[in-house]
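The same subunit A turns up in both complexes below, where it pairs with subunit B and then with subunit C.
This part shows the complex of A and B:
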């Protein structure tokens, strides 16, 4: 025991109270309500489970970041590092025979060990959805439309989505027999639009000139839907991936949400477990994405029968760094509507509460003048005085 | 890595979905709303923090149950095992100079290693409050009244509270110079109303006859407020503790909640960190308490200046075992109001959602007959057909 640690908290975790806690709850409730109205019901995986479940399906990067500890019977437990993998386990082992599609949403903490640096969170909150058992352009369009609607429900306005396709990038590279390191290097050169690294890589592979030109062109394939007309499609899979993107965009047009979308075919987030479209959202003034998602059709089959799936997650702490997010309900739980002096008219207090008002009782037996001043400082609008009389402030 | 564990979860944790997840959220929301209307605002401690913070203030029993693991810099971290200790740390280190009292509520998971047995939970959910900076009978009455109101908000009716006073038991034993083992044995004989163990213990202590009679009488001091007239009060502290209980009961009478209270002066929950009143609630048909709380005036000073405090916690999983709890909102997220066929009238869908309806889109391109049957099975009340027409089911 190190007594000097008693009054501290580890880096990467936070104590939330007052406005910070109220905004977090307001954001989570707004998202849960939105998800529910689109037909999604909540799913709650355990906060920890066997390391084997979480690690087997995780990419190398995520696996490194998992917090592990030992159960007293010697098994290795791990704190959940995302929701997608535990939900894939639940669907693959318990829900695979239900009518499809399944629509689930989740809200809660995830934990990742990240190197210490300013502002890094090791416990953070994700809220998101999984749409499982449908691989249609309609399913992709629903996930994107709900992602847009989620940011609107949070009170955000100036956000932009980038939309890419790991399926397309896979189609361009599948027949090249790249090893894992080369594939990751290529993915990273694309997503970072690092042209010199990309050219070096392409030089080191023996490619026919047409394929080399196609792969070199990827970082430039960003913009509106016309990008799809310019995208090279050297094989059927690449053509299918482009046609799928067109179909998704066609379905988004009548929903009025194509305007905030930018196609970026270089986007790939290191590929990870994605197999189809993938997307990220950014908001003005923040230098990181606040929402990310995509299709992963090979994940559920690690735990049970194969089932296609798409999902996205909102980073709650990141969203709350946008000043306009979850603004409306900031007041919740902070300023009381009524201060009641004891002995109080309990029935009057209870009916004010039933009407949604915050009624706070003076449990310190303050004198009338002190209580009136206290009520003003607390921002209350009314005092219920002892034995009945009420006063507006 | 043990691949056989990939598809399992450890004992003591659960996967929640469909109705179970919806009832949990409904219960949590009902409590959060009730707490907020009584002037409580949310506080969110980290899911893990330094073991030192959590263990230093925990009783021996709780300390044994804390899940520990190591940070990569060698420090010992621990999953929170309750909310009261982290909140005492936050108040003692960060909020001690605010206007008192502080009113906080919390909702979330806590983790305790318990020996494997049927139905035992190692991750479970607590929702509760802390009222800090007030030691008046009014503060105690508010905590009790809010506890009663919380169970009502959960839809429970046939519940009973037991009310005891650790301050009273301390007053009866403080001058006896008992060692820890004897004090715990006495506390346990009282709470279990184990008369033969109690008599054996009392025989082993050399007590004057009046004190022996007082201590032997404790298990019989259960019933309505008249118990307080019978309770022996051999010193000022004991008299003050009895008078305090009388004052609390007097304040509860006009709130109409004395009827569900039973005084039980043998109640003590092993004393732990309690210093004043303590209470537990039971509901018909469940053999364990669903809510417990009490006063602990010496806890915050472990982390900062001394501040009196009282609080209680509701066991969410336990409450949800009562069939009537959180019943009203079971439907949430399960049955859609509307099934919409694509290409859909997006504006109509969005206005139904804005009105609180659950609108689910068919992303599998079902034929009309199949879709109608599917909508009926899902419990939908309406279909929005392609391009406009609507049908009531």
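This part shows the complex of A and C:
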């Protein structure tokens, strides 16, 4: 311990060991296995790269949160703040001419300079997928279905997804020539379902009455699929966005996962780089989302040829806070099955290990009764004594 | 099923909030005059938390409460990621810049080194920054009107209801930052996971409010 340090580690990071580390690894493995079975292969972008390339593609909010530092030549580097942007760079510069679609999954740390808040860390773990090169409702449905499957693989049951469409909101405002401040204020009022702020804003925009009514109605467009029948569609783009959502829902019905979906057309997460559908998952007992994702068709083209894409990420630390996941994964134990006294029968230890048992060696040369007590405290079930006999505890 | 948990800001909003909830049929008898922090209405599956106003958005954001009633001034000063679907049409007040009479309307805007005392450092900073003024914000916990009288600050940023407190301390209003009223806020997860209960409740609140 360094007594001159007021804090041993910076705010927003954590030391994980024993059960915490085991549960995290188990969750990551369960997701990696699920993603792989759906045809996704792992991609590992660097932990840091040029700030310029990450920041140019990030929305204003994310850009503010990127950790920056300098290399020895004075160039600005940045820690990755998500996986989507580095993967867009890799695809846009290296993989754009491969057969489409590309399916990638990732698991790893991302870093964001955020104020400590509900469920927010500065280093946290994301596990997720990107499906690149397809803009069909089938691609959107696959991403949503895999998102549902991922939460099931984590042992979660009582979860719900909200599903919205940034394409729809863009269609409602594109022809209005709003400036950036007004567009952001509108997106925020929708997002927070803040009807009084929304009305004040709409009053100041001098819109024709039909469009004003349409924009004012957005926060109320939440519920089951019937919401889509009520959604105003003043132009072709808005109609197309609604039809696209219908098509996605139609594909999800036979998979039996439409029931855990809530349509919420006000959701937009500040619009960021999303261009189509976007979704988030909530689980009972946690006040914040554990998974979020959406379609971003204009991101890869910042690095190379245009390619549509959709993806989502699971927040591993958040999942592990969910009561259900806590129960499901506590079995991922760290107790040894066997403790072996030295000099040991190496062949017996190796065959026990080959059979999947955890074998721990006593490297402190304990006396027999001390070792027996130690083995009990550690939760071991068996001792291999030095002369060959085995003892069940 | 867990009770539907509503966090209520204590202080000036608690009485009207309790009256509103009582008019919806909830049993909150005595909550406003008690020191008890949790009130259960078992029959209606509801639980009420009485919390410091600035803590209400924190309970709701973290999901410790499904919903809450708090002033919009508190929401603007904090940065909680919550839904705020209903303004409740009570608890009206305004956040204003005020100063001694000699700070005539034009003159404070030319002053480079303003010192501003406030309980709302964030809103104050935002207001002055947006006007290119390098104000020094002095965060206080209460009785902000005192600061200009004893030379701690040139101006204050504070809530006014009737304006009586300002007048009594020889201060005049120089600019309005925003208007505020009580708001019904909802946790983002609860909005989806307990949609039916919350929607029914909000509909009833809207009927009461608009009567």
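We adopt the following convention: the second predicted complex is superposed on the first by the 375 of 393 C-alpha atoms of A that agree within 3 Å, B and C clash if a C-alpha of one lies under 4 Å from a C-alpha of the other, contacts with A are read in each partner's own complex, and residues count from 1 in each chain.
Criterion: contacts are C-beta pairs under 8 Å (C-beta built on N, C-alpha and C of every residue); 3 or more make two chains touch, one makes a residue touch a chain.
These figures come from a predicted structure and were not determined experimentally.
**Q** Does subunit B (first) or subunit C (second) touch A:188, or do both, or does neither?
**A** It touches nothing on subunit B or subunit C.
**Q** Touching A:298 in the superposition: subunit B (first), subunit C (second), both, neither?
**A** Touch partners of A:298: none, neither subunit B nor subunit C.
**Q** Does subunit B (first) or subunit C (second) touch A:217, or do both, or does neither?
**A** Neither subunit B nor subunit C is touched by A:217.
**Q** Determine, under the contact definition given at the top, whether A:13 touches first (subunit B), second (subunit C), both, or neither.
**A** First partner only, subunit B.
**Q** Give the label of whichever partner, subunit B or subunit C, reaches more residues of subunit A.
**A** The partner making contact with more of subunit A's residues is B.
**Q** Both subunit B and subunit C touch subunit A; at which residues?
**A** None.
**Q** Provide the residue numbers of subunit B that touch subunit A in the complex, in ascending order.
**A** Answer in residue numbers: 1-3, 5-10, 13-18, 21-22, 24-25, 29, 32, 34, 36-53, 55-56, 67-72, 75, 77, 79, 86, 89-90, 92-95, 99-101, 103-105, 109, 111, 113, 123, 131, 134, 136, 138-139, 142, 251, 254-256, 302-304, 332-334, 336, 342-343, 346, 353, 356-365, 374, 377-378.
**Q** Within their complex, state which residues of subunit A touch subunit C.
**A** By the definition above, subunit A touches subunit C via 115, 117-119, 158, 160, 162, 192-196, 219, 222-223, 262, 264, 282-289.
**Q** In the complex formed with subunit A, which residues of subunit C make contact?
**A** Contacts found on subunit C: 58, 60-64, 79, 81-87, 183, 186-193, 195.
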